[in-house]
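The following pair of complexes shares a single chain, subunit A, combined with subunit B in the former and subunit C in the latter.
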Partner chain A sequence: MAYDIRLKNVVKVFSSGKHKGVVAVDNVSLDIEDGEFFALLGPSGCGKTTTLRMIAGFEQPTEGSILIRDEPMEHVPPFHRPVNTVFQDYALFPHMTVLQNIMFGLKMEGLSGDAAKQRAYEALELVRLPEVANRRPSQMSGGQQQRVALARALVKRPAVLLLDEPLGALDLKLRKQMQYELKSMQQQVGITFIYVTHDQEEAMTMADRIAVMSEGRVLQVGSPRDIYEQPQSRFVADFIGETNFISGTLESHDNGVGHVRLAQDTVVDVQMPKNFSLSSGAVTIPIRPERIGLLPNGNDSPFHNMEDITILTGHLLDSQYIGTDTRYTVKIPGDNEIVVRIQNVDYLETVDFEIGQEVQVFWSLKSTHVLDH
Partner chain B sequence: MAADAKVKNHVQDIYVDENAVRRDMLLRRIGKIGLYFNPIFAYFFLWSPILVLVIFSFNRSRSVSTFTGFTLRWYNNIFNGVMGTEVGFSTQNMLLALRNSMIVSFSATIIATIIGTMIAMSLSRSNFPGKRILDAVLFLPVVIPEITQGISLAIFFNVLFGWWQSLTGQRIFPGFHTIIIAHVAFNISYVAIVVRARMANMNPRFEEAARDLGANEWQTFRYVTFPLILPGVVAGGLLAFTLSLDDFVVTFFNSGVGTTTLPVFVYGLLKLSITPEINAISTILMVISTVLIGISMLLQGRTALR
Partner chain C sequence: MNWFKSQDGRGFLLALPAIFWLGVFFILPLFTIVVISFMSRGAGGVAELPYTLAHYDRTFGVFSVILIRSIRIASITTIVCLFIGYPLAFFISTRKNRNFQNLCLFFIILPFWTNFLVRTYAWRILLGDAGTINAILLSWGWIEEPLRLLNTEFAVLVGLIYGFFPFMVLPIYASIERFDFKFVDAAHDLGANDWTTFWRVVFPMTLPGVLAGSALVFIPSVGAFITPDLLGGTRGLMIGNLISRQFGGSGNMPLGSALSVVMMAVVLLTLLVYVRFGINREGDD
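And now, the complex of A and B:
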């Protein structure tokens, strides 16, 4: 597989300004494949935008190197890099019309006249806004400006398109629609997208792979499914979706199954990741609330005889109705409180739980996982 | 029951002093009227001398104390070489002074606008040692008295030319060059301050976007930065032109033979006597300045840059 962008041990320490001395990016290495929709995901201040700006050429790495299509980018100014950026606030030139904005990049390449105009109209067609060519940016809605910014970058036919939280300023409905459109547009043009966002749902929806960043470091790179199902650190498990953290002691393991003691009389089985750092000791089991089932205690649940099912008894502490589902807080052995999410559906018999009652929680071995801290 | 009674008592404790309320209302009303008269008073204070000048430039009588009727005679006079009974006035001299003023103002404005814009660019787009000091010093010509500037420049030229004479034996005399340099010296600050305000309001992403789209530094300036700061540059230039056109003190200390500008010329007339013709000239000057400043302010407030 050809790599479009490679970051090798990139470090960025700001040397001036109000962030002087701050390590914004700390030893980041990434290989981004040709044609990939790659998301850089993390909370604000995690270094994702700085990473993007270094790829664009607005910032220089303090250490390490950036390669675009195997070309080292050291000392290559932004205007000579085969990448284009869609800025968070679009940065459409206010003194130019939409058409002039889109043709700007072509004009800088020396392309003008009808050829440039045709390509500009093609780009407007691609973002489905052919009718706004002669308007000024200030005469358009945020969503339209967003599309024009996209057209302005795509018209240059870059190897890689960099997107810095491009949907951040749009309202929820429009954002959802644009997520879908961006994804299909990316598949249509076949350009590598590097997408910076702090919105985990956005990253999950669109990206082929996600790099989760925190405090300047890349904590995990993987497909949305990998990241969600196999988080390799507490931060990733916590940042992506909702997670219960059950603490216990790993006692032994065999055939990729670990045995974790939660309390004196309670041992649960968990899937062990390959190359897990510990063979025994204190561990955390992250488990998603929607992967846990809930039944009143004493019921002979249909799952009792199934293999690889863990069943624990506990007390119901609280329940919250939140529309799509109900969240139950259950106290289970070992002083652990876990959240269970049950979808509110009508095709199954619903059980009315009372707070304080004894309940059973159960989950499959496949939903489990273990972290060393 | 006891608890109930307590609550009731509590409610009765809320006591409204109607006199206090009335007093507060009265104070507020007086305050409101006061705020209304405040600007009227301030503007009257600012503009009444100028208003008197304008009115008496149309006064039929020569007197500057009673208004006897409307006339355009004084305006007519200044363009026909007549100035009452006074000697030494000719329209030709006045037009010559006007021409001198134009030479000085145009040259000083163009030079100051270029240098001032360059300073504004470097102050807002780059980091260099001593930037903060330059930033602070930039405001000096705005705050130090004009007389200080005029004298210091005169002394500076004197020292410089004396030094030049000792080196080459040639004596340089003050003239247009000294006036223009002096005007440039104080105008740079005004231009730089206006342009820098414009730059500070400009989103740096515009320039990044231009570079991202393939524009090199010069193209970025040519196609993006400059068009966006142009209203600021023009506004700064108009301000500089107005200040230059009106300047008396700095010009007076730095002028030579044959470089009398219009304000200096008017001052010369004033030494003889106050005549309605001076009022007319001053009114014309004031109208030009007001129009230029107005355009300058309109440009500074124009177009969003975010």
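And now, the complex of A and C:
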């Protein structure tokens, strides 16, 4: 497997200014593959931009090393690295036209004249903005500036394109459209993208793999499906989508199935991750609201006799209509409150629940998972 | 009717005091000077008819040496101020510590706290034949005889550079202060080294400050008369001295007017350059 970018135990401590010793990036190791769309996802201030800036060469790691295409980057200045950046606020040169902005990088490679112009126009075609070549950045909308910034970076044909929340300043509709365009553009040009965002939905829809960061650390790296279905920490489960956390005690496990006691008379089965740190003790079961079913109590559930289905009785505390779904809050054994999301469809018989009534919640073993805290 | 958005005739009323002020104190005297510059010299140096071009003849004739010297001195002053001022302004505005920045600016404007005339006299003491500089050089044995420093073009340059230096630094400081260093990252990212980044990104984007500073130094330098009067002697005589003499006791008002008109034309030309490159650029951004 060819790695475009490798980070080995990278640490960045900012010591200037009033706040001495801010650890912005804390022992981060990443292997990013050739041609991958890789997202760095995390809340604001978790060190995403700093990580990207170290790859670009604007900041030096305090410890650890960065390799681009197997070459150590320690003494390579940003202008000699085979990466280009799309900055968060674009950083288009205001004293140059769009064309001059795009040709700037080509001139630095010694390319000029018609050849450079042609490549610049190709880049503008790629971002579908051929008509703005002679405008100034200030004469364009945010969306157009975003595309120009993209063209300015892509025209250099970098090995890796670094994007720092490139869609952050755009309105929702445009953002959705650009997500789609960026993704297809990436597939078209075949360049590795490292994409920084704090928007989990954006990361989920666009990335091949996601690294979830928090407080300078990488908590989990995996495909969107892995991250969503098998979160390895409470933070990841909570940050990506909505999750219920059911607390209980792991009593035993066999064949990859753990038995967790929620209350005196209630034990549920969960899938155990490989190499789980505990064999017994307090655990948390994260489970997604849309993976849980809801029926009035007393109904014979159609799943009653199936294996691998957990059924619990509880009572309904609240229901909230939110258009596409209805969110029900249910109290289940062991003092746990969980949220159940049922899609509002009309091709199935709908049930009207009343607050306070007894209900059954049920889920499949496949939807379960366990965390050690 | 909203005064704050008024685009119709009434907004004009707000400018009326300024228009009146300009009319009485600028347009009218200017017009008078231009008219007088085409008149003959009468008894006691005042103007009288008939109209003549004689004073312009002299201005571009015998006095052209002084006119050219004035432009040369002002240009050198501006260039030296720029070469010292830009790096200094860059240094100050890129310090992280705000207090240190303010301290630097404080020292730059500190000389303004004393009278300009006094400060210029101080240079006479420094540059004189028996002055501080010569005394030091003599005592070190670097020279045998005192250098002639005072009453030279060099002395005028020193005085002007010293006097107008803050006018160069402050506007440049302001424009570098406003400059966002993300553009440096962007230029580096696109493959430009430090040298290219400076000349193609930093300098063009701080050019408004450079032009403003240059205009603020060049314009008063070209018309300076106190500094050349005190430090220049006859060899450092500038057009400002010439003009002030013509309006004195046994002077020649029409000649002084002609000299003034030509000097104003020079200033106007520099302003045109400023407007063309400075304002235009900022307007585009």
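The rule we apply is simple: the second predicted complex is superposed on the first by the 370 of 373 C-alpha atoms of A that agree within 3 Å, B and C clash if a C-alpha of one lies under 4 Å from a C-alpha of the other, contacts with A are read in each partner's own complex, and residues count from 1 in each chain.
One rule holds for everything that comes next: contacts are C-beta pairs under 8 Å (C-beta built on N, C-alpha and C of every residue); 3 or more make two chains touch, one makes a residue touch a chain.
Note that this is a predicted model, so its numbers are computed, not measured.
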item	value
Clash or fit (per the criteria above) of subunit B with subunit C on subunit A	clash
Which superposed partner A:175 touches (first subunit B, second subunit C, both, neither)	neither
Which superposed partner A:369 touches (first subunit B, second subunit C, both, neither)	neither
Which superposed partner A:288 touches (first subunit B, second subunit C, both, neither)	neither
First (subunit B), second (subunit C), both or neither touched by A:104	both
Subunit B versus subunit C as contact partner of A:136, first or second or both or neither	second
Shared subunit A contacts, counted only where both subunit B and subunit C touch the same residue	16-17, 56-58, 77-79, 83-85, 87, 89, 91-95, 104-105, 108-109, 138, 152-153, 156
In the complex with subunit A, residue positions of subunit C that touch it	96, 180, 182-183, 185-193, 196, 200-201, 204-205, 281, 284-285
Interfacial residue positions of subunit A with respect to subunit C in the complex	16-17, 53, 56-58, 77-80, 83-85, 87, 89, 91-95, 104-105, 108-109, 136, 138, 152-153, 156
Residues on subunit A engaged by subunit B in the complex (per definition of touch)	16-17, 56-58, 77-79, 83-85, 87, 89, 91-95, 104-105, 108-109, 138, 152-153, 156
Subunit B residues touching subunit A - in the complex, by the definition given at the top	127, 203, 205-206, 208-216, 219, 223-224, 227-228, 303-306
